[in-house]
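Below you will find the structure I want to go over with you.
Residue numbering begins at 1 within each chain, and the chains themselves are lettered A, B and C in the order written.
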Amino acid sequence: MGSSGLNQKDILGIEDLERSDIELILQTARQFEEVNKRAIKKVPTLRGKTVINLFFENSTRTRTSFEIAGKRLSADVINISASGSSLSKGESLLDMAKNIEAMNPDIIVCRHSSAGASHILSRYLKASVINAGDGAHEHPSQALLDLMTVLKHRGSVEGLNVAIVGDISHSRVARSNIYCLQKMGASVSVVGPASMMPRDIAKLGVKVHHRLNEGLKEADIVMMLRIQRERIVQSPFPSLREYARHYGINHENINALKKDVLIMHPGPVNRGVEIDPEIADGPYSVILDQVTNGVSVRMALLYLLSGANSLSL
Amino acid sequence: MGSSGLNQKDILGIEDLERSDIELILQTARQFEEVNKRAIKKVPTLRGKTVINLFFENSTRTRTSFEIAGKRLSADVINISASGSSLSKGESLLDMAKNIEAMNPDIIVCRHSSAGASHILSRYLKASVINAGDGAHEHPSQALLDLMTVLKHRGSVEGLNVAIVGDISHSRVARSNIYCLQKMGASVSVVGPASMMPRDIAKLGVKVHHRLNEGLKEADIVMMLRIQRERIVQSPFPSLREYARHYGINHENINALKKDVLIMHPGPVNRGVEIDPEIADGPYSVILDQVTNGVSVRMALLYLLSGANSLSL
Amino acid sequence: MGSSGLNQKDILGIEDLERSDIELILQTARQFEEVNKRAIKKVPTLRGKTVINLFFENSTRTRTSFEIAGKRLSADVINISASGSSLSKGESLLDMAKNIEAMNPDIIVCRHSSAGASHILSRYLKASVINAGDGAHEHPSQALLDLMTVLKHRGSVEGLNVAIVGDISHSRVARSNIYCLQKMGASVSVVGPASMMPRDIAKLGVKVHHRLNEGLKEADIVMMLRIQRERIVQSPFPSLREYARHYGINHENINALKKDVLIMHPGPVNRGVEIDPEIADGPYSVILDQVTNGVSVRMALLYLLSGANSLSL
């Protein structure tokens, strides 16, 4: 593989990417997939590069996935978490990021509870920024690993019907997936109670359903969103159990789905809420494939942004 | 050294190991001991292997020891601690472990407050699991490093009398050491108040003493257990000082011990409780040797489980 | 570069260093500066060395700076933070350090809230100790990076007037800088309210000012100290705003300074308190240069203490 060809300094959101960018990332990820299956899961590609995981929200999986991705590429990976950070001394996000940049990192992976946090960093920093989730805005690496998972099972998403189920309003996963799937030619519908649906969601070109059975009738792919327990309190549902009864996948409503449907979830699953345990572990579920593909996608992102000239695998 | 010969996917407890397994581990550890004394303490043996330290309980020493062991073997080591983990989002241990496994780690080192946690992981995961302490059940690497320490000072444990002193009921260190020492031919006695002694402890083939002087009279090796301050509250002792008076090693009762006795402690020592400071730092104490040997033993465990084909030192 | 020539096992404070030591460190740092600008920011110099970051106080920047420094030198770097450490189990600092030393680290970088913590470690440990800040005592790597920053802008500090402004009493940065700048031939004055000035500060050979405009009149270099919000409560200032009005650099008083003055700050800056935002980001500020130089200085310290025989860059 020659020079990267990715026409981006940063990965802030799927909205900014061209279809060709997405295809390049996925194609690169497929090459790293093979590295992750070797006995020696390590390539020297990013040797001497510094990757900073700058996490202002807890996220064991995403942080671990980026850390493993960076280390298998031979990068120096440094974790910084908000607890224990000088942000608790009243420092602004941007001040902190500028200080980190002054140490000459190559890539900063940022998770933050505020929408736009990574955009702010990208505007002021010379280092590449990967948005690892910013508030309810975007989580591009999640959408890319979801796409990779669908592609591995279906070959293409062109013309597929994808239903995204849950709290659409607060979900960066939903937003990134809507952009990504549409750019790749899928039809997307969103399913959830009116209280969890952004008012202008139809403007994104998605179909909106409020009843689960209607929303899933035509679905080739079902993406269940994680419900935040703390949000249920302010919702019309008196309990998680009520929510599960209306919007969870269980052994009854699974039978109404297409025979080759894929059930996806960004994790961690609230078992018995979004998905019944037997479904989460059953034949339709590709949840662990998503996690596996996450490492390959993140290796691809780190590689493509690193300016590494060649990929010797 | 050729292929490992360890007939185990996991290291869950000493109870599961054959004497020949223990001997192989110790023999391997002795080879790594030499690496740890070099100016360049690094071998390429586990290059491209991913080791996950999955710690649900705090343990600076054990985590650090495994981290150093992994890094000196050139493995990629990733630390995950419970604080900041998605377990706080209500995810089950097994769900979390399966998700981590989906990232293709080679070895998961697990510390958990529940007995059996590592066994559950080992049953469902293809990755190797090392139990770094599970509740009051086992802590096999501790017993192995303790054995290595005794062997280095005495050559053999065959026929030695080993006394383990303290809160036997709650001690995974006691349990692993009882199994380990007996398999290697030592006689083990346990010493402590009735309230800290499991009812059926004699079934393990150990002698039981409730008075310290009786318990230590014949001892070649004395293993002091760490007392948990929070357990003292529910015990018959009104204070740590009372406990120390009955079950601590001090400058008075040390004189009744054999002249070449070894005093051991898994750390961290409550100085003045289990052991008087001058004894902990004195000639009978091998406490810091234990720590040193811990790194070598853990390198041996990681190496033997890694499937690495050859050990180039 | 041949053997190091630094005549020190530890770096505990600037007070202990000769001018020739400081010059050697700075000269070494300048060589590493070039490494940090490369596409591949990595040299094999400390391969197989173990560096422990032992931090009992939070410090994202200093810990990150040492971690990056160590990794770019190819050392194995292990972070230990007080939260999650066995010190919370009642272990003494020295016990913990001895236990860590038993794992054969080469260098221990220690940050602690008590003055003298690193000195205690150095007295009892064979491993090299770098003091990364001990209470209100010293923070030598900060003074060295400050010196490097001044030298890069001015070539020499000989004869320069340096004003240090703020809470001198509680500042290890002030103390280390006073020693360092005086050894290198600068004149140092300290500026702050009487309540924040040590009684016997004049004994250190510095001029003392209580009014900002008098203190800064002759200054070639202004080092602003970070104000601790919790200390303001016990001070004569009713608020941070009051403090800022008397001791902050703003767009008014900046005009009274020399035209080529350098404004420095160890970070993180309380914007609008010690320094107005536009000044902190303005042409006089070298705050981010300080951070950049910090990595090079720490690489130099790790290298010079490591016993590495040769520096192949």
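Convention: contacts are C-beta pairs under 8 Å (C-beta built on N, C-alpha and C of every residue); 3 or more make two chains touch, one makes a residue touch a chain.
Since the structure is predicted, the reported quantities are computational estimates derived from the model, not experimental observations.
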Practice problem: Determine whether chain A and chain C, two copies of the same sequence, contact each other through the same residue numbers or different ones, counting it as same when over half of the numbers at the interface appear on both sides. | Solution: different
Quiz item: Between chain B and chain C, two copies of one chain sequence, what rotation angle (nearest 5 degrees) aligns their Cα atoms?
Solution: 120
Exercise. Would you mind pulling out the distance in Å between where the CA atoms of chain A average out and where those of chain C do?
Key: 39
Practice problem: Identify all positions of chain B at which a residue touches two or more other chains, and write them in rising order. | Solution: none
Quiz item: Contact residues on chain B for chain A in the complex?
Solution: 47-50, 52, 76, 78, 80, 84-86, 88-92, 95-96, 98-105, 307
Quiz prompt | Complex contact set, residues of chain C against chain A | solution = 36-42, 58-61, 64-65, 67-68, 71-72, 81, 83, 229, 267-271, 288-289, 291-292, 294-295
